[in-house]
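Got some structures for you, see below.
Consider the two complexes below, in which subunit A is the common component and subunit B and subunit C are the respective partners.
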Partner chain A sequence: MEYLSTDKILVIDLNAAQVEEEELLESLVEEKIGGIGIAKYLYEKYENDDPIVIGTGLLTGTTYPASAAGGITAKSPVTGSVCHCPVIYKLGVEIKYSGFDYIVVKGRSDSPVYLWIHDGVADISDASDVWGKDVWESTDELRKFVGDDLLQTMLIGPAGENGSDYAQVCYNHWSSPDRFGFGKLFGAKNLKGLAFRGMGLIEVAEPEDYVERSLEILKQVKENSFLEKKGLGQILTALGEEGVSDWIDPVTHRHSADYFTPYASNTALFLDEDPGLLEESKKEEPGVLVSDIYALLGFKNVGLSVKDAGHALKACAKYGIDPFAVAQLSGKTTLEEIKDSFDSINGEITIPGSGLFTPWCPTGPIFNDFNLSGKDEIMAWWERRQAVSMIFGIQPMFSLMCPELTEENMLELASLGTDLELTQEILDAVIDDILG
Partner chain B sequence: MGIKINALKCTNCMACEMVCSYHRDDGFAFLSACIVAYRAREKKDYFGVLLKEEDVLIVARPEGLEINKIGEEADPDKEADASAKPMLLREGCDFCEDMDDYGPMCVAFCPVDAITLD
Partner chain C sequence: MNDPKIGIYAGSGTSHSWLWFVDLFEKAGFHDLVFLDEFLVQNNEIKDLDVLVVSGGDTFAVAHSLGRQGGRNIKSFVEQGGVYIGSCAGAYLPMKSSQKPLDQFNFVDVKITNLSKLFPGAEIQTCKSCAAYGYDFVFHPVREAVSLKTTSFFDKDKSIEFSAPLYGGPGMKAKDPSWVLAVYEGFTPKTTFLTSLKIAQKTLVSNGAVIKVPLKQGCFYLLGPHLEHPKFKQANQFIIDAVNRETGTARDDVDSKNKKTGFSPQDLKDRKEQVSGKKAKELLLSIRRELSNSRIVTGSLEFLPVQWLIGQKVYEPQKVRVYLESMWKRLRALEKNKVLILEPGLSDRITTAAGQITIELRRIKQQIDGNLDSLKTAVIIFDLLHILSISFFDLYFATMSSGLNHSLKRLNHKRNKFR
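Let's look at the complex of A and B:
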């Protein structure tokens, strides 16, 4: 596969400590397009080895607006079935530019390992120096070891190592959309995680047309008045949770965006530092970056102060546990009790619809109404929108905000980018296959 | 003509970096960008934009603009970022003079209009 692709699938066998490469065939893209369309195909191909498939969308890391996302596809310890967790921040893009479109991790290692993937090369590395360490320490240590502060990581913390049901795979230092306990799956494989860095080049079949259309779409996107807003609080306000924005205001530092995503949906809370500080803080860990609106709301609802909620989110990110599950299931109401409860979190959280996609994303439109009405119509739209976002690699929260990102123009750009004729019929078939 | 960066408006999305590199590489990459969203201090939520012009490195920090002549020692307390070093080896901003239909790509593609033409 020559275009919008690295042309490579990495297959890592943890049992045999072996790394193999497969070519990404154009025929597979013609049939499954990309992202979770192909990840599901690879999952089924290697199903007997309980694989974890990490992949990126066909448009990930390009000039298509919000082309930030990758995905993790695996059997969830929480639901017992195959689920898809978005990869956000700048990590999805780094995966693609590190040289592989898809990474299949199968089997189980005898001893703790991490996968170091960079510039088209993959190594299974001894993780004994970071096993037992929390997500922040491990990320910092790997960055130091490699000598690159821009290393992007996908790691578990003690929760995953100890087999906690709601262990989360974290991205760099931060919590992720993982509500599926994928951290437990990593831990069961003796896999501390993956570290990515890449300086690759992605070829485009019709670069000029691709970029021109991207800019036209971006201009339409920018017409949206919601883009005057920023951050988590405004999303919650739009969803009817009026009080959260004012509540987090006193500790809000800045808002940042995932790769090329016009809405800045990540909010940094400063907990041990003046939130008005513009210079670089002298403190090593002044706060926490939050992308999980429902975890934040959950800690508010148990009665924590905003600072304690921030500290709870930070503690969850370090321990590598789903903060929403902690807020929902711990039954605790003080910060200290919450921190002490991590090893005993169990019970059920609701995974909506057919259980394939994470309720980290609100289960309906944000800021715009997309002309939808009625619960069933909204749920069907939401599942389809999640599937489409994760096929093409679009930041899944932003795609709930922005009607200008259409299936039609994603297909158009995918066709321009690859020189393949990718049609609505093909997309419909891929979505049907994913949704079952 | 000059490029003006409002680091407080910037959301660290890297769009400028991608399109700047694209205008030199004709493919998607980050390798050749002379404008970079610096993002290595993520635990401190400290980010801004670096721009290499012919003989100066402009660091658009949230607290203000800093202009360093290339070759001179930068303030050691204000080390720019892990991204700064490789920048020095790259070509400086040419205002995308070859991109007739667009003008400066970083200006056209910044989703929040944090980069403007002076």
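Let's look at the complex of A and C:
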């Protein structure tokens, strides 16, 4: 596969400590397009080896608006079935630029390891120095060892190592959309996680047309009035949670967006530093970056102050546990009690619809109504929208905001970028396959 | 006609600019390239070359490394018909000097115009504006692109203007004016002035920028500016034309006399071993792994405000990057070959040096982050980069020109396009 692709699928056998590469065939892209379309195919191909498939969308890392996402596909300890968790921030892009479109991790290592993926090289590395450490310490240590502060990581903390059902795979220092307990799968494989860095290039079949059309779509996207807003407080306000924005304002330091995503949906809270600070903080841990609107809301609803809620989110990110599950299931109402509850989180959280996609994303449109009505119609739309986002690599929260990102123009760009004829019929078939 | 056999000095004292010559010659289709350190020059491994290139760096350090024996061998090489191309530091090297160790290289009667008893006040970049030269100072009035013009001794019918970047190279006055092929014509919008315009004009304008000094059957080409810089195509062509012109004549004369060794794939096959299959794949993966690791740290170092003064030259992390990129950009072409051609022991030398560079770069990042002195580590890194890049290019050019992988055809095609 020559275009919009690194042309490579990485297959890592942790049992044998072996790394193999497969070519990403054009015929597979013609049939499954990409992202979770292909990740599901790879999961089924290696199903007997209990695989975790990490992948990128066909448009990930390009000039198509919000083409930020990758995905993790695996069997969830929470639901017992195969689920898809988006990879956000700058990490999805880094996966593709590190030289592989898809990474299949199968088997179990005898001892703790991490995977160092860089410029088309995959190294299975000893993780004994970071095993037992929390997500923040591990991220910092790997960055220091590799000598690069921009190293992108996908790691577990003590929750994953200890086998908690709600152990999360964290991205860099931060919590992720993982509501599926994928951290437990990593821990069971003795896999501390993956570190990515790449300086690769992606070829585009029709580069000028691709960029021109991307920019036209971006221009349409920017006509949305909601782009005057920023941060997760405004998202919650749009969803009817009026008080959250005012509640977090006193500790809000900044908002940040995922790669090439026009809406800044992540909010950094400063907990031990002046939120008005305009220079880089000299404090080691000034605060926490929050992308999980429902976890934040959950801690508010149990009665925590905004600072304590921020500290709880930070503690969850360090421990590598799903903060939403902690807020919902711990039954605790003070910060210290919540921190002490991580190893005893039990019970069930609701995964909506067919259970394939994470309720980290609101289960309906945000800021726009997309002309939808009725619970069933909205849920069907939401599941399809999630599938489409994760096939093409679009930031899944932003795709719920923006009607201008259509299946039609995603297909158009995918065809321009690959020189393949990717049609609505093919996309419908891929979605049917994913949604069952 | 065989390609000229070109030796590029990449030993101690050189900076990264010899890599520009590699790019230049490869683009021109000259793939019979030999990479030399000071020991090979001292062992007179240059005697069978058509062209010897000494590029930029620290002139004193180059002279010190080559020593008296290296100097003798260079002189003998030129006297017997060889072409010496010296750029920047390589241009200073053979000029008359009483300074030790430069006094072992008194081959051409050319004076430096940017020499002063007093240090002219630098307006910016003080560290790059001047270097001690005995009791005097070699000063650098400008940096970046300057304008050059050929003289009637280059072509009596027409004068050509072109530009090339000056990074500390000399202005020159030749004993015989007919040696001057191009002079400094003036400055360009991209010229950075380290002294006043008046001093810059007085020092450079109308003085020699490119000089050819004959010595018995051979000659010295001295280039003040870096005509080999990849962004200056017209200047690049000047060098290629000179090589074609000089070696065409020289080989006709000397091939018959000295029977110089012309390149042939058969020779390579005889001298070097072929590596294929799993062994070749592992070697290339190992190179890719360590070059990638090194590039990643270097990318991070480039954000840091750090420089190292090694000898008389200032080095920044960006220069590490130039070495790494010169290999990285050729790696994919090398990976397409099923058979690698290399000397015995070269594989180990490459993998050891590449792995060590990663370790040292990670070490220096931690030293800088911890506000510790990093100069010693920087010296080690640049030494290792020289070793690695010389070894890598030995592997690369031997493999690409072996004729075993159809690479030669591609290179020849590139050469024809260039011409």
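Definition applied: the second predicted complex is superposed on the first by the 436 of 436 C-alpha atoms of A that agree within 3 Å, B and C clash if a C-alpha of one lies under 4 Å from a C-alpha of the other, contacts with A are read in each partner's own complex, and residues count from 1 in each chain.
The definition used in the following text is that contacts are C-beta pairs under 8 Å (C-beta built on N, C-alpha and C of every residue); 3 or more make two chains touch, one makes a residue touch a chain.
This one's a predicted model, so the numbers in the text were calculated from it and none came from an experiment.
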item: Touching partner for A:123 - first (subunit B), second (subunit C), both, neither; value: second
item: Touching partner for A:145 - first (subunit B), second (subunit C), both, neither; value: second
item: Residue contacts on subunit A - larger count, subunit B or subunit C; value: B
item: Which of subunit B and subunit C A:259 touches, first, second, both or neither; value: first
item: Which of subunit B and subunit C A:197 touches, first, second, both or neither; value: second
item: Partner chain in contact with A:65 - subunit B first, subunit C second, else both or neither; value: first
item: Contact residues common to both interfaces of subunit A (with subunit B and with subunit C); value: 148-150, 199
item: For the subunit B and subunit A complex, residues of the former touching the latter; value: 8, 11-15, 18-19, 22, 25-31, 39-47, 61-63, 81-83, 101-102, 108-109, 111-112
item: Of subunit A, residues touching subunit C in the complex; value: 118-121, 123, 144-151, 197, 199
item: In the complex, subunit C residues that touch subunit A; value: 285, 288-289, 291-293, 295-297, 299-301, 361-362, 365-366, 369
item: Contact set on subunit A toward subunit B in their complex; value: 61-63, 65, 90, 93, 97, 136, 148-150, 172-173, 199-204, 207, 211-212, 214-215, 218, 221-222, 227, 230, 253-262, 264, 268, 270, 278-281, 283-287, 289
